[in-house]
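The next block holds one structure in the form of structure tokens; read it before the comments.
Read from first to last, the chains carry the letters A, B, C and D; within each, the first residue is number 1.
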Amino acid sequence: MNKYLFYPGCSMEASAKAYMESIRAILESLDLQLEEIEDWNCCGATEYLGINLIPAYALIARNLALAMKQMNAANGTGGTHTIVTPCSACYLNLAKADYYMQERPVLGEKVNEALKAGGLHYKPGALDVRHLLDILVYDVGLETIRSKVVRPLKGLRVAPYMGCMLPRPDYKHRWSDHEHPTELNDLLRVLGADVVEYPLTTNCCGGHMTQIGPETAFELIHRLIVDADARGAHLMATVCPMCQLNIDAYQDEMNHYFGTDYHMPILFFTQLMGLAFGKEPDELGIGVELVSSRNALAKIGVEVPITQEPAGPRKKAEGLPMPRRLSRHEEGKEAMK
Amino acid sequence: MTEKKQERVGVYVCHCGTNIAGMVDVEELAKWSAEKLGHQGVVIARDYKFMCSSLGQELIEKDIRELGLTRVVVAACSPHLHEKTFRTAAQKAGLNPYLVELASIREQVSWVHTDRVVATEKAKAVVAGAVSRVIENEPLEEIKVPINPNTLIVGGGIAGIQAALEIANAGFHVYLVEREPSIGGHMAQFDKTFPTLDCAACILTPRMVEVGTHPNITLLTWSEVVNVSGYVGNFNVTIKKKARFINEELCTGCGVCEEKCPKKVIDEVFEAGIGYRKAVYIPFAQAVPKFPVIDKENCTYFIKGTCKACEKFCPTGAIDFKQEDQLINIEVGNIILATGYDLFDARRVSNYGYGRFPNVFTSLEFERLSNAAGPTNGNIVLRDGKTVPKSVGIIHCVGSRDRNFNNYCSVICCMQSLKFAHLVHERTGATVYNFYIDMRTASKAYDEFYQRVLEEGTLFVRGKVAEVTDVARDEHEKGKLIIQVEDTLIGKQRRIPVDMVILSVGLQPRHDAKEVGRLFGISCSTDGWFTEKHPKLDPVATMTEGIFIAGCAQGPKDIPSSVAQGAAAAARVLDKILQKEVALEPIKASVDQKKCSGCRICNGLCPFNAISYIADDNISYINPALCQGCGTCVAACPSGAISGTGFSDAQILAQIDGLLLRTLEVEQATA
Amino acid sequence: MNSDPFEPTIIGFTCNWCSYRAADLAGTARMKYAPNVRLIRLMCSGRLDPTFVLRALSNGADGVMITGCHPGECHYIEQNYKALRRYLLLKRVLQGLGIEPARVKLVWASAAEGAKFVAEINAFVEEIRKLGPLSWGKDEGGKLKDEEGNERSSFTTYSSPFEEVPA
Amino acid sequence: MITNGKPKFAMYWAASCGGCEIAVLNIHEKILDVDANFDVVFWPVAMDAKYKDVEAMEDGSILLTLFNGGIRNDENEYLAKLLRQKSKILVAFGSCACEGCVPGLANLCQVEELLYTVFNTLTTENPRQIYPRTTFNAPEGELHIPKLAPMLRPLDQVVDVDYYMPGCPPESHQIAAVIDLVIKAIHGEAELPPKGAVIGVGDSTVCDECPRARNVKAIKAFKRIQDIAPADANLCLLEQGIPCNGPATRSGCQARCPQAGAPCIGCYGPAEGVMDYGARLMTAFASVIDAKEPEEIERILDGIPDPVGQIYRFGLAGSLLKAGRDAWKR
């Protein structure tokens, strides 16, 4: 019964490896079975839809079609028709494709025409697209999760960060609220954590603005971290690889830009679940984050091993050195002159 | 096969000036009707400039008398306009009014088509349909029923109070039923009323007292209607009078019980959740009736079995813990529903932070806050009960004009928000911001009030507030509620830190409006407000005869409009009462007992409970007085045992054939 | 004559309280719509007997439009739901008889929705135009006519592919 | 018209199964009354008679003809017209003659498809793919078999009919009663009903004679009777979700099927004055569905997998539309 079709998404194999490891680690405790879609492809992330609609939807729908095929092949009508993904961007894209193919039959036809080239077809509405958090809170249930907790996260102050892509636009009304959803808070609370009131929970992390307009991204990351810090959070918990990447990997640059010195680790909620279930940090991919959670996790008596990967630039700079970017304060001083 | 008696039909084609004649060849239509429909019995077909004029009517009357017409078809405008006119004309000439049929060739032909030839062809089909149909019409008699002069008014807010007084003063008896312990409604909770800033209590309470003492008014508070049966003129209503646990005969309303009661609870109703009351309480000082009520859920005696402090101290021994709910049956002729509104739940707009931030208030909370009789004695302070705000943001349209919540405008919020701005200004001197989408101050002296508030220095920001947050971005935002808004007049995002936010929440239909509607046999609009008979010309009547609506139950409105509607509904009721009897449309269904097999398929279909099953005879029966004439059971009867007057199978099938011009072809084939 | 587009004949059933008034409103507002629809007033869409639809189709209508109050807004509380149920079953029956179910359409239109009423009529006329004539066979006087209205011989001699001379 | 002092009687089968003749014989000793009171001049199933004998009779010389079967071919039509001409009282006898009955269901397809199906189904042994022809040159001369019409028609779509007697077949006690009545009428002891009347039936529908208890109905699912195990023996079948045609079907059979635990399938046809039997059943079934959402209604309707077969099993040829679109096509 607890079997779902699983679409991991590209991040799970690269930047969010730790997320995947932690998911694997908690699966058995919860009697969950995730059956990976065979031969899945990238969902196109947020960019492709802005460029060319039909190919972008076809790219996404290919995964849905594969999932449907797998569902039909596996067990006729008796099996699951839920496809689960842990990535918010993938979740949004899959849900969006499913919704708009149904809403706009012409689009559905065109996409299916494209899929036909690969011998595939997707009937909109055939699958339920859901996020892992949704499955854990509403299918597995908070009480079951509570029963698995052997190491309550008591004393760990966590800022629950849902990100912007998960609760909106919420085509199928899966979340309690679009601005201030409570699912992540509830789950963390069940783990025993001290959940801080975090009103920015659905604010944007900057997404890919880190690549095309870093100042904007830094501003957004800054807001999130400042408020989490102001509310006394030891770390942030997220459900989204993108959010994790931005807050974690760009914190240093953000600090530099603003002339601040924040140290706000961010972990995947599944990593915290793993800890609460008694797993050890190395089973959960904890320790590879750039902003170390070592100090934060010490509050609950968990010792994070120091990773071998050396800190510092991952890639040797090639060519001539670039001038250092101005921080905002410096910029101000420049203007004063 | 019995030969049908050949009817003598007259067809009258109206030019309606050029309204019809401009697009339909009316002369050709009349000529064609006489020629092609002659075999069906059309003996005369005329066209005339204005059939509805007295000369036009006389033309028909004359033909009925002189040519012995037995059926009349008038090809003119919609039957909703002039059906009655021509029926009356026929009646004057001695023809049963129901043997007249209107063919709508104006609304359905000349006004909506653009090709004269095509329009004329369609008009012919419409006339042929009407001729075929009218031949199958049967003479009908209006059903007259006497009107019970008593009236039930549900809801003791200002609209209900007004209606009750109008009718009672005219000398007829009124039963006024109110769900809460006192009448007064929302208006009793307000501090001031816009735009004159009269004290709400000062103008309302004299009316309440009048209701309480009026010899023609039976006041039933703490009561609810649980069942309604019957029809216009003869409703049978069951009212549940909830136990107050107070003997009303003995109680003097002295208030000692409330004083002595040791149990304090949050008053969610009258004080909107920001004040307290006792477990035995009179909701407010000027309550009518003055009797308190014991809140069973919170009373220590009912919970633990001991206490009885109230009983001990009551000087007249009026406390009666054994009192039970009482069912009262009354008979009335007309009913006015003035059940009011609910407030939009501000928590649904989670980005405005109501329920998360202590200093975000709803409009009703603010009313209580600024009311001298309220929990802070009229001091406008923050939730801590002492700090006076230095800056206040008032957000309009919360839950209204918003596709996520209610699409409609709640009408009163602009003026209410202006009133709040004025009061905050006057009493605290704080800086006040009003955030509005559009300013709607369209009524007598309303815009002047807006100008006044502008001059007082209230700052107006045009834009829909995105969020209210406590996440400060800089030092001067710290500790404040920051209102994030796009100021659409300057085209900029603004962040405005304030101490207090007031949400001008919208009005919503009562949460149980649908059930109440079903109870009284009236319908609700998509938004959930009670549907009036006509949005412009009949705003207080409903589609159900004898049931009227007034006040916010019909849609959001301010106090003057509610009062006007209450009075209007009363006038309509008085009109009915004075007519002494009412004529019911004779469009009714009936069961042919011989054919009825008692299968009971129709039994579950009537929402007016007109169909009953007589087990002894194994047949179903339709009560003509309850039947509203929709015809659903007629269409449903599998054995064809149910027939309906006015819209019989024969009439409709004949009209189909006529519209398809099949009635002509047979003639041509045999001719 | 043959080059003219096919002009379907459509019978429309309206509810006295909503769609008939919507038609009145469309008229008062001088909105223009296709002249192919001829309306019949009923007190309620609940009065709609499937017989009426069958009669219209068998007597020369190419399509039938049924209109009523929006769900939840029925003047008679909930009778439009009964119309909906009959309509859904009727469509299945028509399908079984080889008639395109799209020839019968149920439309909700309130008294205020003159514009919607007009748009629905225009759309339906186009849909039926696309489906072509139904012209249900007429056999009065013992003469059968086919879809194009040509007279058909009453009896058929069996020709190919059935002809086969036994060896 | 009266020979041997006895009025003449005829019975003919057109497109029918022969069950009606069995039903006539099933009136037991009453059959002797027929013999005693009538001179049987033409009855192919019971006696040898030639068409030419009938052709030779004087017009209107047969007092009573019971005509069963629908009009499917030119021979049927010829005999219908011939017997109409020769008979004083022509009775459309049995469901086929009244409204087409099961043979009328062939009106859902074209003649070609019909023949192909008849001679080419799994259960048909026809290895050489032989199909019938209307003419054949045999050594003895040209042979003819009747030609099929594009669709089956009930008797009254071909000739004027005096009385209708529905049922598949009509119940024997009803036949006996009708024969009694005619005999009485011959002797001037009773009056015949007005022309066009439906005889040998009740005034109402099957429910009127059905002993099962009935309540207000609210159906959440339609099921086949074999899917309900066991059905309540004393409760209305429709209420149990079994599509029973009883509410719309003319009474007169004493509710035989529902009494035996099976739903009525409608062989007695529509009630008095009903224009389209199927429409009555559609509206009856739709009316008792307890759902408001289209999806939910559709789900419930899925429980009636063959709505046309359910409501037009007996009456398709006599219905308003008379046939499916294929039969109208050419």
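Rule of thumb we're sticking to: contacts are C-beta pairs under 8 Å (C-beta built on N, C-alpha and C of every residue); 3 or more make two chains touch, one makes a residue touch a chain.
Here the structure is a predicted model, which means the values were calculated and not measured.
J.: In terms of C-beta pairs in contact, which of A-B and B-C ranks higher?
T.: B-C
J.: How many angstrom between the C-alpha centroids of chain B and chain A?
T.: Chain centres of chain A and chain B, defined by C-alpha means, are spaced 50 Å apart.
J.: Just give me the whole-number Å value for how far the CA centre of chain A lies from that of chain C.
T.: The separation of the two C-alpha centroids amounts to 53 Å.
J.: Just curious, how far off is chain D from chain A if you go by their C-alpha centres, in Å?
T.: Centre-to-centre distance between chain A and chain D: 70 Å.
J.: Centroid from C-alpha atoms only, then distance chain B to chain C, rounded to Å. What do you get?
T.: 35
J.: If I count partner chains per residue in chain B, which residues reach a count of at least 2?
T.: Within chain B, the residues that touch at least two other chains are 605, 635-636, 649, 653.
J.: Find every residue in chain A that makes contact with two or more other chains and list them.
T.: Where chain A is concerned, no single residue meets two or more other chains.
J.: At least two other chains touched by the same residue of chain D: list those residues.
T.: 275, 280, 283, 287 - these are the residues of chain D that touch more than one other chain.
J.: Can you list every touching chain pair?
T.: Between chains, contact exists in these pairs: A-B, B-C, B-D, C-D.
J.: In the complex of these two chains, what residues of chain C are touching chain B?
T.: Residue list for chain C touching chain B: 9, 11, 17, 20-21, 23-24, 26-28, 30-33, 35, 38-44, 46-49, 51-52, 55-56, 59-61, 70, 72-79, 82, 86, 112, 118, 140-141.
J.: Would you mind writing out the residues of chain B in touch with chain C in their complex?
T.: 78-80, 104, 106-109, 111-115, 118-119, 121-122, 125-126, 129, 518, 521, 523-526, 531, 535, 543, 587, 605, 607-608, 628-632, 634-636, 644, 646-647, 649, 652-653, 655-657, 659-662, 666, 669
J.: With touch defined as at the start, can you tell me which chain B residues reach chain A in the complex?
T.: Its residues touching chain A are 350-351, 353, 356, 467, 469-471, 473.
J.: In the complex, go through chain B and note every residue touching chain D.
T.: Touching chain D from chain B are residues 1, 594-605, 613, 618, 635-641, 649, 653.
J.: Along chain D, where are the residues that touch chain B in the complex?
T.: 194-196, 203-208, 214-218, 236, 238, 246-248, 251, 270-275, 280-281, 283-284, 287-288
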